[in-house]
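Shared between the two complexes below is chain A, which has chain B as its partner in the first and chain C in the second.
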Partner chain A sequence: MDIVVCIKRVPAFGAQVPLTDDGSAVDTRHLGFTIGPHEECAVEEAVRLTAKYGGRVTVLTVGPQDAGEQLRYALAMGAHQGVLVDTGTTELDPEATATAVLAGLADEPDPDLLLFGDASADAGHGQVGVRVALARGLPVVGGITGLDAENGSTDGNGDAAGNGAVSLRASRDTPDGTEVFRLPVPAVVAVKEGLNLPRYPTLPGRLKAKKAALRTVACDPEPGGLHTVGLRRPADDRAGAIPLGRGADAAPAVVDVLAELGKV
Partner chain B sequence: MQLVVVADAAVVPELPAVARSVAGRDEAVEAVTFAGVEVPAGDLARELGGHGVARLHVVRHELLDDYAPEAWGSALATLIDRLGPSGVLAPATHRGTEILTHAAARAGLPLATNCVRLTADDASGHGGAGDGTWRLTRTRSGGVLLEDAELTAPVRLATVAAAVETPQVPLQAADCEVVESAVDVPPELARTRVAERVASETGLSLSTAPVVVSGGRGVGGADGFVVLEELAERLGGVVGCSRVATNNGWRPHRDQVGLTGTKIAADLYIACGISGATQHWVGCMDSAVILAINTDPEAPMMQRATYAVEGDVHEVVPAVLAEIRRRGGAAAAAGSDRSAAEESEPAAAPPVG
Partner chain C sequence: MTEIPERADVVVVGAGIVGNSVCHHLAELGWRNIVLIEKGPLPDPGGSTGHASNFIFPVDHSREITALTTDSMRQYEKLGTLITCGGVEVAREPERVEELKRRMASARAWGVDSELIEPRRVAELVPFVDPDILLAGFWTPSVAVVDPLRAGALMREQAIADGALTVSANTAVTGIRTDRGRVQAVCTDAGDVETPVVVVACGVWSPRIARLAGAQIPLTPAVHQMMDVGPIPELESTGTAIAYPIVRDMDALMYERQSGADLEIGSYAHRPILHEPDEIPSLEAAALSPTQLPFTSDDFDPQLEQALELFGSILDRPDAGVRHAINGLLSLTPDGAPVLGPSPEVNGLWSAAAVWIKEGPGVGRMVAEWLTHGDCEFDMHGADIARFYPHQRTREHVRARANEGFNKTYGIVHPREQWESARGRKLSPFHAREREAGAVFFEVGGWERPHWYESNRGLLDEFGDRIHERPHEWDARWWSPIVEAEHLALRQRAAMIDLTAFAQFDVRGPGALDYLQRMTMAQLDRPVGRLCYTPVLTPGGGFRSDLTVVRLGEHHFRVITGGADGARDRYWFESHLPADGSASLVDVTSAVCTLGLWGPKARDVLAAATEDDVSGEALPFGTARWIAVDGIPVLALRVSYVGDLGWELHAPFEHGQALWDAIAEAGSPHGIVPAGIGVYGTTGRLEKGYRLMGAELDGEYDPVEAGLALPKVKAADFIGKDAYLAAREGTPAATLCTLTVDDHTSADGIARYPQGGEPIVTQGGERIVDRKGRGSFVTSAGPAPSLDGYLLMAYLPPEFAVEGTSLQVEYMAERYPVTVARVGRTPLFDPEDTRMKA
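On to the complex of A and B.
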């Protein structure tokens, strides 16, 4: 089972989000970068599935050259190859990002499974996976927190290619319970954190990934209809915290508050 | 026309008002729902009529009788093509977002998700053939940031968050007419029908519990959560955690509060040994009262909380439990003292004089 995983380079901020003076973007001068937890789970799942069923994992990112850092992280987790679609920026609208992903896929052999995060960690549109699926005529489900391949027939909808693993069992949590889908491959699946517990890359893994060659594809997609004007921090009208004391001595004050709230 | 999508078992009341506010002067607000939505169309129509919606389109096809994201999205794209609205709004729920994303991709239209404010650039210019523009604000990173954006398209599509600014527009109650609409759905879309459904256990869940007692790195390990469990139980709540607790395998992911976990709005959130990174904060910030327990008074959670206790969770939480027991005991004792006193009162009351 050959799998492509799409990952996005996003700033890793802590307690505050610094913005550029004109509010056009997150000020990343003093920030590190990462991939979102949903996508980390997607990479982990792909590595596990190929370990079980064979095949290769390709990680693909759309962004500036620096996004190679995130591809290498995924390679260190066990992915086999990386594709960087160089658009100079990650700040594209979802239509343009989907176009760029498709450009990166164009020269790859057709994968059996395309994995996405359910939503990117910064922009959070929740759209790119669905748009790519539609463009490639593939079935797609999102919000998935349980995934496995199953052998056997797929109600005649899928072609029974692949090495025996011809359908996917994908489940997700809804407000009322769990929904299970059975999809033929090839398919697109967007996953959420909780799917698995991603591994930490090993040192040898990191060293190997550092030297790996990445395939770079240049792309300058047409902008779509959603145009970002600027970013703001929401107003925070919380007053500072009221101190209730230190250590065990604070217990009576805490229980006073609990009593006032009617909780004890 | 502006079209409001009813994707779930309830009408989101803010949607018709937002639709009205972005509608051109002569534009009607209509609604669409699917045969598989469990509430009878008549009930939905009555409710929508109260919000000034004049017509409810019910799309029908055998593939729409149960939830199937691709089929529902495809049917919606067909209806958008048929009715030619200038705007379509869906609630930013699980389903609302999923269906509108599928419809947008199929119709080749842009989409703005998670909007908390929407205005039409020029309300009088709608209805024509050209592109129109909405100015909008959407949330990013779970609400850490707001993004101001423009959406320009022949049909503007957006999902609207529950926290949307509801515009004050006059709405006249209408008799909402139900119109059945048969649509074609490509048969291969049966591939993403829900194949199986497991109902969740009823009872307190992280997203609905009135009290959440949450632990982070400061709890130190899975064992450290035992006292948090006890406190949660005492307070009629459940245990939550930070991503560090999940990643260390101390708690299952379903307990995680935050951007990539669950977003909660409890009466009371108790954050034990959690620093308050933005990605955690967005998950708990809608709680009414937040109590932070942390050894570091400078931790962001200690600054942003309602109440702060500086100290080691391993000392503070057991002390709070002991105090609750002591007072409970005292109250019980006081209660039994009182009844004992009452019983003995006649005898104990010394004759006056």
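On to the complex of A and C.
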């Protein structure tokens, strides 16, 4: 089963998100970058699925050259190859991002599965997977917290080892219970944190990833219809830590708080 | 935010290990109104204390740092926050094996038990290490890990329990109010605290806080990368934080240590990554903490391969992942040493910064003693904030040297090694001539000083058989046999030496004499025109400095001191000026150049260049007079640090080159040569047994021990007098001696030359320790070309301070026989001083 995982380079911030002076963007000068937790789960799942059923994992990102760092992180986790769709440093809207993803996929063999995080960790639009699925005429499901392959249940071509065509069984939790989907391949699936516990990259994995060649595709997509007007921080109304007391004297206050939270 | 007192005797800013320790020791010393302000939350406010690797290797080549470290270990242990795990520094390269041997000398000199071991033994101690890529190990069983957050919390609690300390966490310092250069109050977002003393213990933020008072703390935040790799079953199964010794992979500039189920890997090999104190993210904006910045993996990747080479057996596992990786911030200074003590820029502002976990508690104790008594148990001159000249406090200088110094953290640094960056900052007026003569420049206090002259290479033929080549590259590094040739030319004819790096202060006013009398040990109430060498003592009676004072008028003196300690001395003298304004001090260093002229032909040379009478009757030893040299006004001081006839010629700076040319021309018929500081500071000095501040002389030794007690004690009171009187009454615990090396031949059959810092041991190989607990070590080492020998100086306890006693010096893990040649100050060369006083 060949899988493409789409990931996004996002800033890693603390409790407070620093903004540029004009409020147009996150001030990333002193921030590191990472991929969001949903996407980490997507990479982990892809690595596990190919370990189980064979096939290759391609990680694809859209963004600046520096996003190669995130591709290499995914390679260190066990992905096999990386594609960087270089769109420069401008933040793209979801339509343009989807266009860029499609451009990156154009020269790749058609995968059995396209994995996305349910939404990016910074913008959180949650649109790109759906747009890519639509453009390629593939079935799509989001919010997935359980995923596995099922042999031969749609067209019967899958072999016992899981190679060849299979179908997918995907599930997600809702307040009313668990929804289970069966999808034919190829398909698009957007997954959520909780799907698995992503591994840490190993040292040999990092070294291998460092040496891996990334395929770079240049792309300058037309902007879509969604424009960011500006960013502002919510008013800082957090109360901060309130000491409830010291030692045994604090016990009644702790009980009150737990009662308030409905835990006791 | 907390209620904050309106007044305090001292405000300490920063609740890392240093700030907590300062508070604790101030409380122990009886301070009762201490306020500790911390911007972050407790117990981990987010500074470097919270993310440090927390291990302690006690051995350092610096005595000062080793003393601070071993004192800190005692404190951590007393607080129950120390776990001894042992540690081994391993060598992959032959040069590192030599360095480990050199570390053995430092371990023995400072009294730390260490041992050189085979790779096989390393692998026994740390079974995951691949011994096949190692050549040797340096094993120190007392290496430990500590919990500085817990230690700090306990220190605070004790001080609070004593009723001495108020802690205000989550409180930001917004300003430091000063008036006429003196601290008045610390302003915070929780209110102002009036105080005469502020201690800045803010780690990487220290420059920012000091700037609020208009002062500089010269350090820069810099990155030290580390990562945790795990889980590793072999480590996890120990069920403890650390069960195996810590490994310092010295040639890879890395360390590896167990941290629970993980192996922590730290590096000092990556490119220097410097930050700005103002750009460190706030606690809220930081992803982890303000001093744990995003890991930049590109910088670390080359180290991964080296980690895998050494620890492949546990790191090359599919289940062991990189669980945590940071660019941790620490503080780097221009010379790598801490920045401690009273700021020379603002009265009442103290620095306790650029301190590692391993030194934190000891630094706290020293700073608290210093605040209380004016000095402290350990000599802190190498860490004194006043050591920096103004140009060395600039951002550019700090960054240049930090950039160069970072990779020296685990590097092999020769004791004479010179900096490459920020050079050429101060040039004497002789500089152009010196360059023409092929000077090899060493730096002191920013000054470029010739150490020897390549143009004198021809002298090697002239003095050939009296000069000793150094066959081992390490011994010969940053040295030249030309130094010995210049020395012999001086002793035979005459030499001129650039001494412009001297720091010089003019002290004037009706109170000048009384003021200087109070500052110095020697009697300065002498006729105009007399000059006087004098120790300057600490309140505790140790050496603060030694220098020359010239009486130029009834109320006018010139203080001349070494370039290495000029900035410290200026601060010391300025901070003790009389409050009534009866004496003033002007730093005239930049106005004066100094040319030393010495040798048996010196008088002939000077006489040929001046119309003034420079005979022994007109200008006897120990006097100063203005003369004209080729029309240049020159203050001639009949004094010598090399023990030959001659003068220090002090002239207005702008006349310097003309003075040089006049002396060179007058000296030419007499075969004068330019000579470097190698002669002045080492060979000439050692033959004459002259002591050097920072080598033989420091705060831990007194004038009686140094052999510099004077026949009479002046009636005037002076700093350190009580302690000096007490020292004169007792028998010294140790006496400074000059020793000769009897046989230089190593086991390899080549001659080796100790460089200084090595332990002196008994014939049986036992350490020699005096009754104050101080080990005997080589304070200075160098050739004595006129005596055809090699001299060492060392303090020895009475039972060994006997001329003719046979002892040994340990150098590069071998022992060489030495003999005590002189006890006390009488020189080995020309003991009657007939040449100098001719």
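Following the convention adopted for this analysis, the second predicted complex is superposed on the first by the 229 of 264 C-alpha atoms of A that agree within 3 Å, B and C clash if a C-alpha of one lies under 4 Å from a C-alpha of the other, contacts with A are read in each partner's own complex, and residues count from 1 in each chain.
We take it that a residue touches a chain if its C-beta (ideal position, glycine included) is under 8 Å from a C-beta of that chain, and two chains touch if they have at least 3 such contacts.
In this text the structure is predicted, and so the values were computed from the model without any measurement.
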| note | In this superposition, the partner of chain A with more touched residues, chain B or chain C, is B
| said: Contact-wise, after the overlay, does A:Ala241 reach chain B, chain C, both or neither (first, second, both, neither)? | reply: both
| task | Based on the superposed arrangement, let me know which partner A:Glu179 touches: chain B (first), chain C (second), both, or neither? | result | first
| message | Taking the superposition on A as described, I'd like to know which of chain B and chain C A:Gly82 touches: first, second, both or neither. | response | neither
| field | Contacts of A:Ala15 with chain B and chain C, given as first, second, both or neither | value | both
| said: Between chain B and chain C, whom does A:Val229 touch in the aligned arrangement: first, second, both, or neither? | reply: first
| Given the touch rule stated above, what does A:Gly55 touch, chain B (first), chain C (second), both, or neither? | neither
| Taking the superposition as given, does A:Pro221 touch the first partner, chain B, the second, chain C, both, or neither? | neither
| field | Partner chain(s) touched by A:Lys210 [first = chain B, second = chain C, both, neither] | value | second
| In the superposed arrangement, what residues of chain A touch both chain B and chain C? | 13-17, 240-241
| query | Which of the residues in chain A end up touching chain B in this complex? | reply | 13-17, 19, 26, 36-38, 93-95, 121-127, 130-131, 133-135, 139-143, 145, 154-155, 157-158, 173-184, 192-194, 197, 224-234, 236, 238, 240-252, 254-255, 257-259, 261, 263-264
| query | Inside the complex, what are the residues of chain C that reach chain A? | reply | 41, 170, 229, 279, 281-288, 293-298, 301, 304-305, 307-308, 315-323
| query | Hey, which residues of chain B end up touching chain A in the complex? | reply | 67, 69-70, 94, 97-98, 101-102, 104-106, 109-114, 131, 135, 139-153, 188, 190-200, 207, 211, 234-236, 243, 246-247, 249, 253-254, 256, 259-261, 267-268, 275-278, 281, 289, 291-292, 300, 302-312, 315-316, 318-320, 322-324, 327-328
| Residues of chain A defined as touching chain C within the complex | 12-18, 29-33, 69, 72, 199-204, 206-207, 210, 240-241
